[in-house]
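See below for the structure under consideration.
Per-chain residue numbering starts at 1, and chain names A, B, C and D are given in the order in which the chains are listed.
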Amino acid sequence: MNFEWSEAEKAYRSEVVAFLEEHVTEEVRGSWLVDTPARIEFVSKMAAKGWLGQGFPEKYGGTPSTTPFAQYILNVELDRFNAPIVGKNVGTIARTILHVGSESLKLDFLPKIFNNEGQWALTYSEPSAGTDLGNISTFAENKGDHLEVNGMKHYITSAHFCDWYWMVVKTSHELPKHKNLSLIIVDANSPGISIAPMYCVGTTTAERTNQVFFDRVKVPNSRIVGELNQGFYYMMQAIDYERFAIIAAAQHNRRFHKILEYFKEVDFAGERPLTDDPVSRSQMARLASRVEVGNMLERLCMCIAAERVPSVEASMNKAWGAMMHDETCSLAENILGPYGCLAKGSPYAALQGYIMEEYLMAGHGRIAAGGVDTAKTIIARRLLGLPNSFAPPVLSAR
Amino acid sequence: MDIKLSEDQNLLQDTAARFMQRECGFEFLRDIENNSNTGFCPHMWRSFAEMGWLGINLPEEYGGMGMTMVDNVILLRELGRKICPSPLLHTVVTAGESISRCGTEVQKRELLPSIVAGTSVYAFAFQELSRFFHPSHIRCEAKVEGDAYVISGRKMFVEFADRADTLLVVARTGGPAINRKDSSGLTMFLVDRHSVGVTCELMPTMSRDRQYEVVFDNVRVPESCILGNVDRAWADLEPAIQKTAIALCAYTNGAGFEMHARATQYAKDRVQFDRPIGQMMTIQMYLAQSIMELYGADTLTLFTASNMDQGLNVRGYVGKMKAFCAETVCRNMDTGSQIFGGMGYMEDHDTTLYLRRGKQLELMLGGTEYWLEVIAEEIIDRQPVNLS
Amino acid sequence: MNFEWSEAEKAYRSEVVAFLEEHVTEEVRGSWLVDTPARIEFVSKMAAKGWLGQGFPEKYGGTPSTTPFAQYILNVELDRFNAPIVGKNVGTIARTILHVGSESLKLDFLPKIFNNEGQWALTYSEPSAGTDLGNISTFAENKGDHLEVNGMKHYITSAHFCDWYWMVVKTSHELPKHKNLSLIIVDANSPGISIAPMYCVGTTTAERTNQVFFDRVKVPNSRIVGELNQGFYYMMQAIDYERFAIIAAAQHNRRFHKILEYFKEVDFAGERPLTDDPVSRSQMARLASRVEVGNMLERLCMCIAAERVPSVEASMNKAWGAMMHDETCSLAENILGPYGCLAKGSPYAALQGYIMEEYLMAGHGRIAAGGVDTAKTIIARRLLGLPNSFAPPVLSAR
Amino acid sequence: MDIKLSEDQNLLQDTAARFMQRECGFEFLRDIENNSNTGFCPHMWRSFAEMGWLGINLPEEYGGMGMTMVDNVILLRELGRKICPSPLLHTVVTAGESISRCGTEVQKRELLPSIVAGTSVYAFAFQELSRFFHPSHIRCEAKVEGDAYVISGRKMFVEFADRADTLLVVARTGGPAINRKDSSGLTMFLVDRHSVGVTCELMPTMSRDRQYEVVFDNVRVPESCILGNVDRAWADLEPAIQKTAIALCAYTNGAGFEMHARATQYAKDRVQFDRPIGQMMTIQMYLAQSIMELYGADTLTLFTASNMDQGLNVRGYVGKMKAFCAETVCRNMDTGSQIFGGMGYMEDHDTTLYLRRGKQLELMLGGTEYWLEVIAEEIIDRQPVNLS
């Protein structure tokens, strides 16, 4: 049992930290969720270090990785620095292309991804297909040498700056549910695509996502990923590639400590919330132990990742993190009293409105990427072996 | 013992519900948030006056309706359902009640009819730069200078200050507070909002309502502006704050019921995996827990109002009501948003208007720790309860 | 809207209170859950006042009731005095006999119940039939003029002192589930009945329940209640008779206040938990507001009971009460620290072990008589109109 | 970074698990509760010694195994699964560690081998008549009288005092504490249980374990009984208490895992309404939440032990671990019992042995408020964390 990195891993981490100390500017920190020139430039620098394609074959632009943990170490540190982590482009898209894509897709797109040439948008969700992707209705019709795509997608976070949509579409009216979906790559500048912004509550500036409309959009057959009508299965497999998803704790840690430090300093007419108020003090201490448990669940994921895909543990980690987001922000609001409700722009707003905005989005965290209850269902089924809730009765009625 | 509304109460509830349904839709709310510089609709305010709502609890001899606090709860619950923005709470309840309780005959005759008529708006200048709500936290000072008082200090979260004609200012006249339990030394003043030395600055909030920081820079007011007894404001003000808390909880509960109804409907309509999501036991548990809490919050509010109407000491009940309703309704806004999934967190989705108000309503008029302390004083520091 | 009793009701209540002040002795208080001579004597005194049969026809020993709330007022006051409430005998058994029993059962048993002649045991539960009474397997075979009962029942609280079992048995091997059960009345001294005690955890003295074994027990056909094979439906209907079940808050109130008063007085080496510890003080204040909500839910039940059976509201009231039992005892234990774990017999045990024993049984309250989740399911279905969780899909797949 | 056990650790875990499975069944536990006057099995204690468990962390030069705290966690988790009663915790960990840390060479040579051999049992006489665990609460006094000390006072919750050979007594030698944070003025004494003036009285508990009230009535002990520095016991004792807390949490987590496994199995087997109850989403949510918390508790315990093995300051981690594990495991006992329905509250049902221990384990070695204060001191009163 060993909770520490090996010497080789420590050396790699030192290299990463040195790099981040040099290159993570304020602009980069601010680009955690949005695209900016500073972000692109920063990611390209990482690409130049060969850090994006670690573990991928060199013929597709990959680089050998010094340790099986290279990607985690990188992401943990990125997250700790509040810089954009290496996420879906490598974890979902590149891996899926590598596993099921044609040779030409591999040669075309993998080097681009590893060099940070161009941005991608995961394009799955639709109004009637949220957790249940089997309900997708955006249709791609076979037109001989190409598909014609019609429909609408939403919650497409990167749509307003992406170059390609990594998209799931329905490709058969006849085949049964789950056997009628395909993965395709769509150029963002294809004629017939239009987008409309959607904003997250309380954050009219930064946290944007989009609706994307597809009106007779032509997609060459060569842009079909893997086999037609196998898209659902590719997406399910991709969940197990998403080892990057096990990084969740640093955000919650950072949020907790940022708020804790604020409470140590802030002074309401001579009252300091944590030293003058035993109740707040005790509540923050209890929360600290719960936030620490998030760190442990992440560490557990990493320990296990050396052996196998830590899918159950990753579910725990994500669920716990989302709960901590909620608990941290709710407690901070309650400690602040009415001052917790002030928005950016008020000189009295706690951390310039950060706590309030984080509070409003805390619920979203419990839903986004599956949600706490979904995570618990995964735990109940995969780890505990409990039966599917919607399975028919085991005994006949009589 | 029954919870049936009287005929008059039914009429009041139906009228309010229909009015709100017609006049206070989401477009209206968005428009008030984004485009109004008042934070409420003056036309609607006049309609409130026409329907008699602005005099609901005020004495009939001054033009009011002389109705009960229970009636007020019934009305405010309907306003709350549609999260209707208006200065009713502090104008009619806080100021109206304070003036009725402790105003001179001259003040009552002069001020109450204009509240009822909708021609005066009041704002409540109480909270200062403290997380707490205890009266001891007040530092804003009023000094005697000849036959006048000079007020200096800074008040926060003065709702609708910019639109108010009169500010109900609670200031310190009797020296600093000795400890947190010290409620002495305070005096209420009715200050013309346009007095020299009064400046207001908008404090942007989660709800996007109209909260102001109001600075009093040597504001000179005549002695006639004093409301009630010098140095002993709290004795008069606390009952007014209790009434305000009841009205606020009624409003808050209404908002909670509406959010719950919307979430329940969505749970029935939204189909995923070939089933309405409301078929899932998890969703059922959330919604059942929520409605149970809302029934409790609502009954506790009605019961507290009813006890107040009977002239009983309701301090403990008010504390329990405010502590419970505030937390419950905020939690309900959260639960409701969760049912809507990602949509529940998109700025354009209607229910985010409720989500954004949940926490702020919870923390208005004193965060929960203040009201817990009120409860503690009543149940711990007082005589033991007779358990028979 | 009116939260107060009418003058007539107040007068009745005064009469009740005066009676209770006179007759509720320490022995009666202690008999809340167990049978004792003091309890029997006390209930017989209530019977002599005509209070047990209020609202039942006089020809069966009933008495006219002065107000529709008479039974609640009586029970609320009984509960407040920690005396045994008027429960299942009247609420379930007498009502069911009145509604579906034969004339001879009515003439035979109703006067006995109203006069407190003899005790009853509800005899439903079996090891494989807990929440799901459809699973009952104790069988009553038709032997011409009588039934022969074989099987085992458990959690039969009154078995060791009852005179009759009010019992549900399976009476057909052929009929489908739920249509094969019957209600019967079994003399406790019938040959072939044996009992074995079961004790509740942590309370080896008072809180006893029983297993009851039936070995070829003969029950005359005249003791079948209503029609054969209709037992399940009678039991379901009885749930709606159980208006007495809406009394739940006084227990939780009494528990909370008893503990609160203890904390005001107890002095650990000079530390008083509630005045020297702001955290405990704040926690008890929050709990006080939650306990008060229980009172409100009970009051709501009573308000509604004048109009209709408050089944949903009674579910809320019971669920909330059970939650308060748990929250009150857990908090009290935490405030006491290690002293919370001391049992009766230690001079340091809080309230002579009361808090500890109540803590251990708090979970049982959430399960007994349905449980919190069952109550929530009733609320979700009956009040909110949400669909049955085990219903088949509404849409065909694909 | 990996969580795999070494070969030795695997062997330790398997040996312990097999031994517990064989020797520590429910009948044994009931028998110890009801019929033993020792509260543990002396035979089993000898087996512990034979397997080297009583020297697990003690230095090899005094006959110990010199193993790590992580190893101890692995062992104690197995003992905890079967809620095995023994005086291991305070004999091996609290006393063993205290003696190893600050005993004189003579004391170590004399005392440690007999701990390892299982021939000495120690009890820890620390807690007094206070809800709290802070060292400042100690009033039991040791006064110098010639070349001896005379101890007077009352200690509570001294586990296995009646069976102990030696009591590790923490007494006040340096005057009363100034405030709750004052940990000075204490001294550790190793007192022969059979000394004149020592009396023990059983304190009946929820777990039915063997906690004693021990009265010291002018108990005269020679100076040689002092362990460590006079007036400065806390500096030596706090690390021993931290180790004890780690071992206790490991034991507690083991009990939690076992209860969870039993409840999960029952959820699969128990059929109601034609379905195993584990098919219900509500049941799934309970069990998933529980196991998630248990994984967190277990990893936090291992991590804290591992940090301690590396000689790092673990005060904050110990606080977080104890606060979290205690509450979590107690909640898990409750959740587990709920899954079993009414059966889970019947005295004869096996899992009530776990239910009865849950709360008591939570409150042992300081209730959660004490450990929250430790956390607060570490995260609030110390320097700010570097967030980079």
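Keep in mind that, in the parts below, a contact is a pair of C-beta atoms (placed from the backbone, for glycine too) under 8 Å apart; a residue touches a chain by one contact, two chains touch by 3 or more.
In this text, all values refer to a predicted model and were calculated from it rather than measured experimentally.
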Pair of chains joined by more contacts [C-beta pairs], C-D or B-C: B-C
Chain whose mean Cα position lies farthest from chain B: D
Rounded Å distance, chain A centre to chain D centre (Cα mean): 41
CA centroid of chain A to CA centroid of chain C, Å: 51
Chain D residues counted as touching two or more neighbouring chains: 271, 273, 275, 280-282, 285, 368-369
In chain C, residues with contacts to at least two other chains: 279, 282, 373, 389-390, 393, 397
Contact set on chain A toward chain C in their complex: 176-177, 277-279, 282, 389-390, 393, 397-398
Residue numbers on chain C that touch chain D, as the complex places them: 125, 128, 130-132, 134-135, 155, 198-204, 209, 268-269, 271, 273, 279, 326, 330, 333-346, 348-349, 356, 359-361, 363-364, 366-368, 371, 373, 389-390
Parts of chain C lying in touch with chain B, wherever the complex brings them together: 1-6, 9, 69, 80-81, 254, 257-258, 260-261, 264, 274-275, 281-282, 284-286, 288-290, 292-294, 296-297, 299-300, 302-304, 306-307, 313, 316, 319-320, 373, 375-377, 379-381, 383-389, 391, 393-397
Interface residues, chain D side, partner chain B - complex: 280-282, 285
Footprint of chain C on chain D - complex, ascending: 127-133, 137, 139, 156-157, 203-208, 213, 271-273, 275, 280-282, 334, 337-338, 341-342, 344-349, 352, 355-356, 359-360, 363-364, 366-369
